[in-house]
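Heads up, the next two complexes both have chain A, just with different partners, chain B and then chain C.
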Partner chain A sequence: MSTWANLGLQDSASPLMEQLIFFHDHALLILVMITVLVGYLMFMLFFNNYVNRFLLHGQLIEMIWTILPAIILLFIALPSLRLLYLLDEINEPSVTLKSIGHQWYWSYEYSDFNNIEFDSYMIPTNELSTDGFRLLDVDNRIVLPMNSQIRILVTAADVIHSWTVPALGVKVDGTPGRLNQTNFFINRPGLFYGQCSEICGANHSFMPIVIESVPVNYFIKWISSNNS
Partner chain B sequence: MSALRLIPRGNAGGNLSQMMGLSQMGRRLASGGDGIRLMVGEREVVGYGINGRPIYFDSQDCPFPAIRYREVTPELCAIREKELGDWKKLSLDDKKRLYRHSFCQTFVEFQHFTPEWKICLGVALWLVALGLSISMVLKTKMYGQLPDTFDEDRRSAQLRRMIQLQMNPITGISSKWCYEENKWKSQLH
Partner chain C sequence: MTNAPATSSVAGPVLRGLHNATIKKNLAISLGLTAIITVAYKLMINDPKKAAYADFYSKYDANKSFERMKAAGRFQSC
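After this line comes the complex of A and B, so read on.
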């Protein structure tokens, strides 16, 4: 989750999110270099005493400052395309989770096993425990096995919502009348928080998502202890 | 106006305007010129300048303006006669007078920084102070109380929970905690 004064991305819990973080760092490095270069050029203008009133053209420098940005853009585009295709890879999910957005809570269904269904409401601030996270903790968390490919189908019952967990690099819109599918993989145990990411009414900020990632045997125990 | 332009400049124009009893300015207008010519006065045109107009200004870009700075005077004519001869015979004072006749300021004078920056800095700081005081008033009078979860004991409980849950263990908050010794890594050694 986000901690205090968190400026950057959250630490990843998924290999794809790791790759997204690497690409973000790479692209930001290039941007910082360009900004420093341009900032230096602009700053040095304060100390420039030369004047050339008869400057008409400079073919060589114009060629350079056209070709060089094209090369820099290649350095951004190629990793970007690689990541784009990596995110679209086919894999065999072992668990399917269905997530339905309502105003203003999420409901989840696990249909692979015992047809488990439950609603997930935010815990109001006045009912939080001392160590509860305001606007983030929920009454029923989504329990998922770690180190397993997970398929998620997102939809909504009324207006458009968006299911997101930043630590896993997942954001999927839930549109009424439509099923959106995506895959993710969690590679460490813990709690991963997210918040609804499409404006859906008065309590849009108060319908969070919490994933509890557990080892596979704990997940199986949890499934068998929850009958529909 | 256009009819007057056909009259050749000089005596004819002068006679015409004298006949009409016009002033010196009127004479210049009558001789078919624009407003800029009026600024020239009696000053000599000595070149093209920056755009051909007979305007005087000091600039590093264009060191030789189109017109001299001052009008011709009898004292100047005397120095001019001297200038026609050997330049080594000119005294420093003569050279300075010749310079000041043709130019208003020296390069050092017009390139020197002005005290404008004090006003700019003053106004900028006033605006910053105004902004800060507005935000202070907003903070103290208008914004409501923070929620209970911002209390010190609740925040420390949340922090303890974050560490126990190993939130952001790679570069974030849990990476700064030493789990073996149960204290912050910066407090070790």
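After this line comes the complex of A and C, so read on.
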């Protein structure tokens, strides 16, 4: 989860998020390279006293500063496209979760199993326990099995919301009248937090998401104990 | 006899091709600096992060981690 003074991406809990982190590092490497190059050239301008008053054109340099950026962009585009297609790979989800955004809470449905449904409200700060996370903890968490492919269908009941968990690299808009689908995979147990990511009114910042990732057998026990 | 003032030879001004010469010098420095910083960034940030993830998951026991969290009462469901 996010801690204070967090500058970078959250530690991943999903193989796809790991790949996103590595790609981000790769793109940042290229950006640092360009910044140092251009920064040095700009810095040296402070120490220049001369003007070449006979300068008319420079075909060679124009060619270089056209072709070189194109090559640099290839180094960004190819890994980006690889990851883009990796994110869209077809897989067989074992669990389907439905997430409906409301003003201002999320409701979840597990229709694979006995139609389990519940609402998930943020715990207000004045009711928070001393070890709780302000503006992040919820009353009813989503429980999901780890090391299983999970399908999520996101929609909304009123205005556009967005369901996101940064540690899993998931962000899906919930639009009224539309079902958006994505898949993810959690490779370690624990609690993973997210916050609504599409402005939806007064309490947009106060409708967080919490996933509890547990081993499959505990997930099945939880499902059985929640028969509606 | 007056003493002749001490003279030292001073390099004359570059009369032709100063722009090209300056560009070549600055290009060499900028490319060198860029290469050093890029390689340093890769070796100090990119590669250690990949290695850290590989190392973490090579030794990771998910069930043990789960039991530890469960014992600490972190989960609502169990």
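Keep this in mind: the second predicted complex is superposed on the first by the 226 of 228 C-alpha atoms of A that agree within 3 Å, B and C clash if a C-alpha of one lies under 4 Å from a C-alpha of the other, contacts with A are read in each partner's own complex, and residues count from 1 in each chain.
Keep this in mind: contacts are C-beta pairs under 8 Å (C-beta built on N, C-alpha and C of every residue); 3 or more make two chains touch, one makes a residue touch a chain.
Model, not experiment: these values are computed from the prediction.
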| item | value |
| --- | --- |
| First, second, both or neither for A:82, with chain B first and chain C second | neither |
| Which of chain B and chain C A:6 touches, first, second, both or neither | first |
| First, second, both or neither for A:146, with chain B first and chain C second | second |
| Chain A residues touched - chain C or chain B, whichever exceeds | C |
| Chain B versus chain C as contact partner of A:178, first or second or both or neither | neither |
| Touching partner for A:190 - first (chain B), second (chain C), both, neither | both |
| Partner chain(s) touched by A:24 [first = chain B, second = chain C, both, neither] | neither |
| Touching partner for A:130 - first (chain B), second (chain C), both, neither | first |
| Set intersection of chain A contacts, chain C complex versus chain B complex | 12, 188, 190-191 |
| Partner chain B, residues of chain A touching it in the complex | 1, 3, 6, 10-12, 49, 51, 53, 125-126, 128, 130-134, 188, 190-191 |
| Touching residues (chain side chain A, partner chain C) in the complex | 12, 18, 21-22, 25-26, 29, 32-33, 36-37, 40-41, 44, 48, 50, 52, 55, 140-141, 143, 146-147, 187-191, 212, 214-215, 218-219, 221-222 |
| Chain A contact footprint on chain B (complex, rising order) | 60-62, 147-149, 153-154, 157-158, 160-162, 165-173 |
| Footprint of chain A on chain C - complex, ascending | 18-19, 22, 26, 29-31, 33-34, 37-38, 41-42, 45-46, 49-50, 53, 57, 60, 62-63, 65-66, 69, 74-78 |
